[in-house]
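Pasting the structures here.
In what comes next, chain A is part of two complexes: it sits with chain B in the first one and with chain C in the second one.
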Partner chain A sequence: MDRREFLGRCTRAGLSVTAAGALGIGLYDGKPPEAFSDTTASVKIPDFSIAEMKGRICIARGTDRSATVRQAFEALGGMKAFVKPGERVLLKVNAAFASPPALGATSHPDLVASVVRLCIDAGASRVTVTDNPINDPASCFALTGIGAAVRQAGADVVIPRASLFQRFTVDKGRLIRDWPVLFDPLARADRIIGLAPVKDHHRSGASMTLKNWYGLLGGRRNIFHQDIHTVIQELAMMIRPTVVVLDGTTSMMTNGPTGGSLSDLKPTGTLVVSTDPVAADAAGATLLDKRPDDLPFIAKAQDAGAGIADYRSLDLKEIQFG
Partner chain B sequence: METTGHPRPGKTETRLSAVILAILVMIGAGVYLRQSHINPAVVALRPEAHRHALPPDLYQAALIDTKGSRIAPFSPPERFDPDTLYEKINGRADLYLSSGFVSLNTQRFTMDETAGNWMELFVYDMATPENAFSVFSMQRREGARTDDIVPNAYRTENALFMTHGNVYLEIIGTDASEDLQQAMGLLAQVFVQTHGGTTAARVLGADLFPEDGLAPESLQLITANAFGYEQLNQIYTCEYNIDGTRLTAFVSERQNTEDASVLSVEYQQTLLSYGATVVDSSVSVDSATVMHFFDTYEIVFSRGRYLAGVHEAGSLEAAKILARRLAGHLEVSDGK
Partner chain C sequence: MRIITTRRISQIFFFLLFLWFCVASTLGEQWWQLRGWPVNWLIQLDPLVGLGTLLATGTLYAGLLWGLLTVVLTLLLGRFFCGWLCPFGALHQAVGWLANRGRKAKVMIAVNRYHRGQGVKYAILVFLLGAAAGDLISRLLRIPFDAPVTVAGIVILLLMLCAIATRLGKRSGKRWMTGVAFIAIGSMVLGLFADGSRLLAASLQTGLLDPIPLFYRSVNLTLLPLVDGQLISLAPSSRIYPGIFAMGAFFWTAVFLNLIIPRFYCRFVCPLGALFGVLGKNALYRVGQKAEGCTVCGDCDHHCEGGCEPSSVIHTDECVLCMNCLDSCRHEVMGYRLQPSAAGEISAPDISKREFVAALTSGIVAVPLARLAGGTGETWNPTVIRPPGALPEVEFLQRCIKCGQCMRVCPTNVIHPAGLQAGIEGIWTPALNFRMGTSGCQRGCIACGNLCPTAAIRPIALDERLGIGDFELQGPIRIGMAFVDRGRCLPWAMGRPCIVCQENCPVSPKAIFTREEFRPVRIGGQLHIRSMDGNRLTIDGPVLPSGQFSTGDYYISINGGSDMPPARITEAGTNTITLEGSAFVEPAATEGRIDLLVRLQLPFVDPTRCIGCGVCEHECPVKTRRAIRVTAENETRERRHQLVL
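Coming up: the complex of A and B.
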């Protein structure tokens, strides 16, 4: 190689590096994507329910969450009745607070992991778990133990971020109109399972499976607390789940929804699995020493056609485990 | 052209090589700097990321200085204002917001050798001692163990709750271990010492109620919208046990005698407008009205600058006994 050739090659290499670098700089977008660039469109959330499984409910008594939920699903025909091989399943848990599982403010990691395993055993191609806790979601999933339990069981956690939200309007809704909803995980799922603990709630009287969908809302959703029963009704209209799991193994009787003291909890040894979330919440109300009539959102959700409050009129199975 | 050995490179080659090397160094520096600003979400999911001792400067920023103890902060302090409080405590925010909430500061602490246990400190600035006592009393856990660290303090199996001046403070532990209980006590002590000492604390409202039949630790302060009536604010309540019946007495100190009297009449009229009926029964307390309302009895009266009464009593006789005791006690208090 002579000097002329060497200089030529160096020049070409330099130009190539410069061109590649310039291209990279040109394509680099320093700004995050706009959260809601499309202000006119409202997405549609699929109906995840299974027609032939309508009105099924199992009230299982037991203290071992993993064993009890497995038995409860068995009583309803097994997880295979809800999840077909190859289907993608989304678990909407309650990870609202960065508090330890012992305080009962969030879904218990043992229960979440058990349901993940049941879905995988039923042949689910992918299981994802999500919630939108607003305050530092990563800490919430970590400190509740849900994140680690989910990954160990073979599922993925979806941490909410702006690009996963889409504007949504509940058909005939008054409050949830053009409101950001954690849509992307819903769009990527064939089935959705809600998992919620039984809790007292300062505003709504109780937080159970219907209130649990509140965690799919984005934005300054606290404004809905002014009309909490109506927004829960609209959430019931927004999500038609495949099945819900209401965990009343221990119930938060006072100072909900955060609690804080172990003395806020009471062992109630009950777990409800139902395709009807209204029925599940009506059954859960009794664990809080309330009647379904004490919780206006139950009647409102029933009026909206989201389910039946008289759970004893459904295909009810009651089992005792352990 | 054949060459032998290693001829000296020309100036152009040397400069080009220097430029290329400089670019590589810059790229390396860029990568190094960029990775030091990694998105926290990438690692925040890992539990271990939350349990490591924080850099020394975090002690300086900690809500409570724990230097010299085996307690260490393991999360940075967070601050919430009235607009963002719901992000931290969601549905419970309303209770605080209706009671004069100013700000909330929180931080998690753990002990050096027990990384599995941790506790979270909540420091609520409620603007006044009355507001702080209100949220303290409204959430008081039944059967909790009184703690003598300050006049308004109690513990449950895993937590410590107290007021101190304008502050309502919670320390919530992950479990019921003795280690955590000791650590909570230490945190609370340091907080009190660095915020005015025990002289800053006082029990509010307790002397408004007679002691006979009083249920221990039942004193509450409702700052707004008491019993569902918008005009009833700054209402102290206490539970009583009279002849086996559980009763609630209430007292509120108003600006003057006239204000107390007017509010008493207005509240009575409001109850009557909602369907209460006056019971023709003497209670031997001047200005007192006895009403029957949804299977319970209400007695409302004023004594000097105090509005007072008995709320939702299941027994008329027990309510009358309590009303007489209350009126007698307030006459003495008003005369002081």
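Coming up: the complex of A and C.
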């Protein structure tokens, strides 16, 4: 070995030792990793309600959803009272199942499209429609007819995907803690309108506007069925909507919430538009031949301050159409 | 334009067409999704699919007639499919070119020399066709040999054969006669003494190695899910396929073997290439040398894709018509002509008689051997749930080519390639797994059967699936039945309300129904009434955890419930209980004993309603081993699997 080669080898060895040492020491971490990383602290869902519109409810009787919903909004001061020009509106529909609109398991496309048009006419800059369904999401929006109807009316459909969810904790909540919520569409909206059909629901008694927020949850949400009334209460605490539309034009009386047969439906000719979802559900309960008392989640949501169950004590308008 | 430029354009065209078909096999409403695009066309052009199903079933199903076109063209032109059309071949050629660019000409000439191992693919082909032919052979054996007409016919046939044979020359004529006599006597003995239907069965396994189904499933199932969502979004949620690893490893092995020998798969393994080799051995046009001018420079061997040695005696059956030799020959000796090569040709596939017989016999015997496990009969695996419209298992295995189109198109991603659970024959056949995917097998969906190129899953109409209209009498298609596991179910086993399964059951009336039960709650002691104020009770006994019993699901009964129905708790403090407004508590019940009850709805399955769609299993909150699970029990595709009257 000559000196030149020796020096060369020393340099290469020295550089390698330095590099290995620098990497090892630079990346050294004396602490074990945390069990969980709680990322919910920064995630807040705003209050979408409008203070001066509090406690307004209109119960409209009619069979034509488009016309009835227009009249009902008219009775409450028009969509302009809820949506200001330039605002972005999110419609949370019920698209839970991949079944055709005739079976009434999901929001009716005519109704959703009409509300989209009302929002656009009121000057909304963007209308988005979303839900995290139970069945395959793409199939749900396609087969329910909601996807095509609202796109034609000028709204966008947001099909949930993992990146749109954020972990969220309901303030004072017991169940919805560090839980994935379909947050992205909420964060991009100034107003939120809930649209739900009136349906029988074996576990909770009924699925209406409050239960409809379940479709914003992600993850292993079915475990909440163990305490369904409390989770609906917490959903009512989580979302303070601008207004809700409860569609009882037909009501699913049996075999809910999936239905599957026309014989599960009954024409009940009623549509409720309300800024108070608790009042809307209390009014809807009667369509299913139930008392609000039969549905513990109504009292619980009222206790949480989400609304008033005694809808007759509110600013109630009743209209008859057609 | 140079001929190899034309060839490259053709290869790129068909490769892109193939990729386009993979992308377009998406269910949806966009123009680029399934809109009658002929996404199965390349499978249909593959004559091995047609031949395999023809041998196994006796008929050539619908679009598989396209294979005839390929056969005719191959008979006239040689293995054009391999060099010009096959997308898998194009991939191999591209990878082989990339990987071997830097290697010396001398090395490549050696690598591209004909290898004895190239005969293996013929043995593979014969084995696979043998496995598919069992049923056909069985049918031939079932000829009633005792009928006078048949005997007369056989005698006449034998005499004719002998006459022909004797004319062929004395020596070979004798061997012919012996052979024919052997077969005739052997089959008579078998036909008389053995039950052919039990001994012989057909199993279509060509798809394991057939390059077109192989490439379809590899790209659709192992590659697309990895890149989906980047450029375009094919599926809203990322797709999973349990058991996919072996499939991917197989594909990448085939691809990387090009680093050793270009087109390794095509030369040594591909049964479709072997079929084309047999068909094309007498092709009208063939690649070869003209009479004079060859200097044996080796340029033609340097770039030869088929390993067919154009520089000397060319193996015509190995030539994939890449035309590289025509392009690289500086002396314009190589051509694609009607005349045979001046340097001589070997056109017969390199498989000896004994190899042929060994491969054929093992193919024929392998299937009954696999069937001895009983998987298509007594010991059928109930966890293998086939898609709606799937044929009975035996017929299913005669048609399924494992192309994965059903798994690709399934909108909910519940169909996956089976491992060994469906038996050795069932590898990579479609099976449903309800734990995966977005939501069970959608009741309103018939996509898989309508895409299946071989009708292993029949193209059913929605009416047939739902059992409505013309199908009212036969009822809906059931792919299995759900069973409640009472040891894991929240209400049954743990006294916790749930019934997510009932809620999601899509059938009307629901196949899952509930019965109400008020079950005592474990609170560690006995509660008694201390005092009463309207609906508000003050109680003695163990301290109740605050809030836990105010959920609306808890009730009390007093003195064993003999006096009044259970009353719902609206508010429960540590030693107070408020009951629902309308609940009536008799004054006499003061001092009474209180039982704290939880109201449970216990799920039951109505076997006459359940269609096995698996939505319940998918939604069950017990996420690991579900508390309600579907098995293939009571499926309608096999009458023998009927459970309920």
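General remarks:
We take it that the second predicted complex is superposed on the first by the 279 of 322 C-alpha atoms of A that agree within 3 Å, B and C clash if a C-alpha of one lies under 4 Å from a C-alpha of the other, contacts with A are read in each partner's own complex, and residues count from 1 in each chain.
As a convention for this text, a residue touches a chain if its C-beta (ideal position, glycine included) is under 8 Å from a C-beta of that chain, and two chains touch if they have at least 3 such contacts.
Remember, predicted model here, so these are calculated numbers, not experimental data.
Because the two structures share chain A, they can be overlaid on it, and in that overlay chain B clashes with chain C. Judged by the touch definition given at the top, the superposed model places A:Ile134 against both chain B and chain C.
Using the contact criterion defined above for the overlaid structures, shared-chain residue A:Lys54 touches neither chain B nor chain C, since it reaches no partner.
Touch criterion not met for A:Arg188: it reaches neither chain B nor chain C. Legend: residue contacts after superposition of the two complexes on their common chain; A:Arg312 is shown touching neither chain B nor chain C. Contacts of A:Val17 after superposition: chain B is touched, whereas chain C is not reached.
In the superposition on chain A, A:Thr230 makes contact with chain C only, while chain B stays out of contact range.
Shared-chain residue A:Arg9: touches no atom of chain B or chain C. Once the two complexes are overlaid on the shared chain, A:Lys80 sits clear of chain B and of chain C alike.
Applying the stated contact rule after C-alpha superposition, one finds that A:Arg177 touches neither chain B nor chain C. Of 7-15, 151-159 or 187-195, the chain B stretch that intrudes into chain C once chain A is superposed is 187-195 (criterion: clashing C-alpha atoms). Shared contact residues of chain A, touching chain B in one structure and chain C in the other: 97-100, 134-136, 138-139, 142-143, 147-148, 159, 161, 201-203, 222, 225, 254-258, 260-261, 263-264.
Chain B makes touch with chain A in their complex at residues 1, 10, 12-13, 16, 20, 23, 40-41, 44-47, 49-50, 75, 78, 86-95, 118, 120, 139, 141-144, 156-159, 161, 170, 172, 174-176. The touching residues of chain A, when paired with chain C in their complex, are 97-100, 134-139, 142-143, 147-148, 159-162, 174, 201-203, 220, 222-223, 225-230, 254-261, 263-264, 293, 296-297, 299-300.
Residues of chain A that touch chain B in their complex: 2-3, 6-7, 10, 14, 17, 96-100, 102-103, 134-136, 138-139, 141-143, 145, 147-148, 157, 159, 161, 201-204, 207, 222, 225, 254-258, 260-264. Per the touch definition, chain C reaches chain A in the complex via residues 27-29, 236-238, 411-412, 437-440, 442, 444-445, 490, 496-500, 502-510, 514, 547, 551-553, 568, 570, 580-582, 601, 615, 619-621, 623.
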